[in-house]
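Let me give you the structure first, and then I'll get to my questions.
Every chain is named by a letter (A, B and C) in the order it is written, and numbering of its residues begins at 1.
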Amino acid sequence: MSIQQKLQSLNITLPAVATPAAAYVMYVRSGNTLYVSGHIAKKEGKPWVGQLGRDMTTEQGREAARAVAIDLMATLNAACDGDLGRIRRIVKLVSLVNSAPDFTEHHLVTNGCSELLSEVFGDVGKHARSAFGVAQLPLGSCVEIEMIAEIV
Amino acid sequence: MSIQQKLQSLNITLPAVATPAAAYVMYVRSGNTLYVSGHIAKKEGKPWVGQLGRDMTTEQGREAARAVAIDLMATLNAACDGDLGRIRRIVKLVSLVNSAPDFTEHHLVTNGCSELLSEVFGDVGKHARSAFGVAQLPLGSCVEIEMIAEIV
Amino acid sequence: MSIQQKLQSLNITLPAVATPAAAYVMYVRSGNTLYVSGHIAKKEGKPWVGQLGRDMTTEQGREAARAVAIDLMATLNAACDGDLGRIRRIVKLVSLVNSAPDFTEHHLVTNGCSELLSEVFGDVGKHARSAFGVAQLPLGSCVEIEMIAEIV
């Protein structure tokens, strides 16, 4: 099954690529490495505002991280001129979870992104990762995730 | 206009390269990729102490981020043996903003760095980026920014 | 002296490679670059729980960061099929220190990791680095460190 077919089987439609909120670009290619900017979680096109351990549950955080995965795939798709089969490996994620001082399940929140990538990309989707709690995120978003991928 | 001429037209003199505050080096080259250590904001050679949303405005944070850009360029310049024309791309920034729990304009603070890099390097300066709020920074600095660049 | 001999002279035995706590892998190789996932500090096999500036001293944080260095070397060793001589450079660390809002010695904590790497690898161990304070870490761990290395 191609990546596109896999996305369809999951009822996932990739959105338009996000526009940077500031003076940067959504991705840069250097050699075969694709550096994807941090994508904040969005809900209905607006920043998904919240903080884990204060006004969001781990399960809600997982959903937000899954939504980020979809936006990251949209950016990858643009970088691949629409052919996600050109992605050779999802190399690494860094996941920033907007956290109250006593929240310690950043890894479970981040699984919402990691698991969808593995489901869509199979072995190509198996990535290294760091996840941690941050004091606050741009526009109050609950999760921000950046990615490194290998492209051919 | 060369990068050096561009810097002169902006009245920017690159300072001496910072000395690491601890057991590391300011940059490492691997292949054509230059990994630049996190540079904390400094004012008159000392850590620029403060926290956004507590005792610094977004505009002051922007100025601090702009100052970091100048220090990052000084390190790039050392890595290029004084020829910044060897930088093929500013690939990525990670910007850590020392933030009170309710500050949400990390992206605007970070623009102080991003915009100066774009102004100096033009298209070469267009980079991917992540920006977020951290609980605290080394020596109480208000902003710390690390960089990946492509060098020839 | 080989890396293995150096480790023996320091009485360091590399542990079994950690199992990811979630849906990711401990490292990914892309070209000659090895991306190592964030490793949280552990004590006797369990997360080393604590926060700098609240219930841990800088010296205790240094010990925790040193323990992370040992776990990172175990992962490197696995990636090198047991021959750490294949590591050409420790390229970069990102060190996340679980910090109370007024703790500002993240760089000194992180030295516990950086200094051991330099001791074991010599010039090969000289790395770029960022260190900063985070609101909280997975499982309440006091330090998490990720690494980029060049491998042949």
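Simple rule for what comes next: contacts are C-beta pairs under 8 Å (C-beta built on N, C-alpha and C of every residue); 3 or more make two chains touch, one makes a residue touch a chain.
Just so we're clear, the structure is a prediction, and the values are computed from it rather than from any experiment.
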item	value
Interface numbering overlap (same over half, different under half) for chain A and chain B	different
Superposition rotation for chain B onto chain C, Cα-based, multiple of 5°	120
Euclidean distance of C-alpha centroids - chain A vs chain B, Å	25
Residues of chain A touching at least two other chains	31, 33, 94, 134-135
Partner chain A, residues of chain C touching it in the complex	20-28, 30-31, 33, 35-38, 94, 96, 134-140, 144, 146
Chain C-facing residues of chain A, complex	31-33, 89, 91-94, 99-108, 110-111, 114-115, 118, 126-135, 148, 150
